[in-house]
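Note that the chains are named A, B, C and D in the order they appear, and that numbering of residues resets to 1 at the start of each chain.
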């Protein structure tokens, strides 16, 4: 069985494990206050051209989302997100468990627009009874989105302007950021994100690390006492060095980006095969996740050899599914899948 | 600089890293639903002689404590703990952040007694205004305690009886459980803990793993929907296999216990040296943490070569400090310290 | 200015104030443990034909909603509600502040159906990743709804069956319950509600009392320790007697129902006038709230003499608004409004 | 049975009820946005010589405490309080339910000192692992305390200085403020409190009103969006006017202060009788609560005619109890009690 169902089916890139082995018996301080974390944070600040940004390392995405939003929001505020946003749909109510409402907006290919956000805020403030509703306090974007789609610089600048107008924190979930930056049509960059968002993160878990997300806080008011929250919410790794070692290795010489490029290239190859075979897509994704609509008969056959994720039933005979590639996907595995699609 | 300040200064036992390398490219399902986790859970159930226990793997201690207590308590309940208990003293308010009060009791060598717990509960229920106070709903013990001391079977059985009388969940924090089980005077066993507590955990982070705590839930009502909470509170590792692989390796053939034995033996050697040199102890610990009271002049000298933790000032010239050994401590390092103590 | 904008513009029915005066200097125990509360609870149990129900008195609606749901839900659960439900739309995130998500469903005239609830639950449990989502744990209905519409016995029985199938608590918000029971087309009764829901409340604030909601808990598991929660969430009135006195007075001889009847009758009179004048309604309501769609020119004119609530813009020239009657509405005020509508 | 067990055994001062009757059918806006609330707030600002203070009216004490502290604290902060403080001892974990720890200090006659607070803060910030503990964010005082004792201006100024040094919000619970201000030895004033604390409240529930606490926010940063929190936490009374009417009546011409004076005078008369009869006190209180230590035999006899509160057992034969007077206590009742004490 070959797994295309997600992008976290394997361990870590061999260079990561090698580095963990090399450094294994070096003694360091705990809780992320070691040399490896400092080095990794410095590399990230350099790549972001953000010498004053604070960088923190957390273990996973849900943990990062809830910790950042807990720091960003006051008790009477909620966070605006696409109804398909990870915090709205797939985190078991993690944000609500911190006391905050997720204010969902209808999505378009997984994305929300500046106009939607502005109109939500305008509606809130124009309502005479706004104190009886949840005040928008932050915007959550994911890039790529949960459907593998991308925001443009122009779109994010517009959203930034709305955030400035209404006093909102802008937070970008980059759990798959590398796969976004590696896409042909992408125009975002790390420096752009560092200067345009208040906080974003560079995902490691799905992109070559064993685990780990690197949070970049450009807004200094968010960094105030952030480590207390990391500890309180259970995200402070005793051996924080494990995060520093991994991110330093991934980012020191571009490994992170080349791994992402590999995954995206294979996903696009797979995509072409689906197109050639005449299959439509639920959503057109330029990144490592592909959402073809396939006949159930074909899915049954493919299911004997490949794992994929079910997304939704489209009609009586067809379903939309997800095939993912990752840094670890072997070209032969994709070739074999393509052959099986063609042969169908 | 040789670090004796804590027991998580290094990475993991080489066998762990080797196993991570061997399994690195095997594809598995995510979120702890893989073969490695199943194997590790089976080993734990066997070691605990608890075929019906549920076993879950989490990344760290604070995360485990808050997730377990969130599952164990209803909104009007609090958890009884020693004032020195980790949840009361060193988790940044993690339990309160889930909405629950920690009901602290004075400790004796880091421990609390059945009599204290009974009297707290009796006082609560006898008070005519008990609805205006926090109802005790669980008891939190740590073994070894934060001062390296141990509960006996007799003590825990008494506490269990009080828990039964007052409807309390009994939860034992085993972040350093191995170091407790390896102590000469210890009489607890895994089967005893599995049948006497509602829930306890076997700590990995401080005992040979990169990270990880294995939660053993004997009370089936606690297991109901526990995975929702792990996810919601940010503790569900995408590559859950990393936890399964580590615990299977540690527990398959007793590695966990021999590593703990190594640390305890070195700590006792260090302890004898302090005693021989005429230094008293803040607390008498039979495990891997030692709390000598030392002259500040000696501490200054030792501080040039060794890292230790400051605990408290004892008088004008002396302080209590903590020296820890771990699975990774080298005998030569301890020998060198001993020499430096003697030479003093 | 005559206020039709809401149904809590005045104080209380004179008999209530009279009773407060009469009993003013009688000394009682605090916190709802007095004779008046016991009497009122007994009357309610009798009216509900529910001798075993627990009855608690709280001050207001949001307070009641958040306290009941906090008792009903476990941390991993959310409550299903119409997107227009008061807890979803107008309580400043009170439910989320207790850590729980409101799982909203599209409404039809303010109502949700058994089929919608069943399909939400089915979708949750069929999803392979349901642990990554919020488990439905309760259903929130309001009767009358926020749009003044009514559920039938048949509809609620169907919803009850779905709740039984999926283990959901059924909670009915009766902030305006009297106005619902007084409607011509209503077929609900207090005994029906007591035996069909797990918990509902009889609203006093909007129906003749100074304030107060009487919670009827038929499900004994919900009553366990409910008073702790009332206290903890700030809803335990020191002089609880004020609630008992008011509800006893309202319910002893049917005053509550005749006041509600008065309000509904005047609202229907107003409704007929809108219909006769050719104005459509946003939603057809048989209770004390009316939602006509009126030309902005007429609204401007009416606005000089009457207060009403703005609901939504319908087209370029017209808006939907809300006119309410209450136990305190004078017939002459309605007659004057009707004349002004006719004269328009 | 004559009740001396608390100071909320009756309804309200007759002038309050009269005013409620007079204004009963006047129509007003809801939620505290009416003329009566505005008038009462203006009176309070005038009495406090604080023209810029924000004034909000809430129903009860626990509700007020939790709402204010929720506004004052960030998620990583806790509130410092005496271990006997109401928020620590008698609010069912209300503060913890908002996610915050109560950092308790040993009390002296119900009070805490600037030195204790300073030393708690110093200890926090000096600890190398302070991020693993709860950051002090506010100080909670009650005046009079739960033992009827008083702070002096000098003491509160010292506490204010510590708060300034460590960035703490200073919050004073005035549930019985009038009884404190009326005591012979008191030197606090409303203007002093308004300029020295960040927020305090003037209690109505125990001092002549049916219910109600008037919150005075001198620190404008706390007022930001405070009404959202009042609503969210269930404290926004639909008929907010009821609070405005009561406070305006109590404070317009000094009724509040003369009622408090009445209670304190009777309490001191009772106190003299206990002293004359040779009974010691648990704590020496100059306000309306008295804490004599009495033989159990006498208590049994008194218990047939009078209700009092049990505080604690002092020795085998004696207990400390509480006798309260209030605005409503009749002089004859006190005289009768005194006679019964003398006759003993």
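Going forward, a residue touches a chain if its C-beta (ideal position, glycine included) is under 8 Å from a C-beta of that chain, and two chains touch if they have at least 3 such contacts.
Predicted, not measured: the structure shown is a model, and the values here were computed from it.
Listed by label, the chains that touch chain B and also chain D are A, C. Farthest chain from chain C (centres taken as the mean of C-alpha atoms): B.
Taking each chain's centre as the mean of its C-alpha atoms, chain A lies 33 Å from chain B. Chain centres here are Cα means. That of chain B falls 50 Å from that of chain C. For chain D, the set of residues touching two or more other chains reads 75-76, 91-93, 97-99, 131-132, 228-229, 231-232.
Looking at the complex, you find that chain C touches chain B at residues 31, 70-71, 74-76, 98-99, 131-132, 135, 225, 227-229, 231-232.
Contacts from chain A toward chain B in the complex involve residues 1-3, 6, 8-12, 14, 17, 20-21, 23-30, 59-64, 66-67, 91-94, 97, 205-206, 210-211, 228-229, 231-239, 241-242, 328.
Residues of chain D that touch chain B in their complex: 75-76, 78, 89-93, 96-102, 128-129, 131-134, 310.
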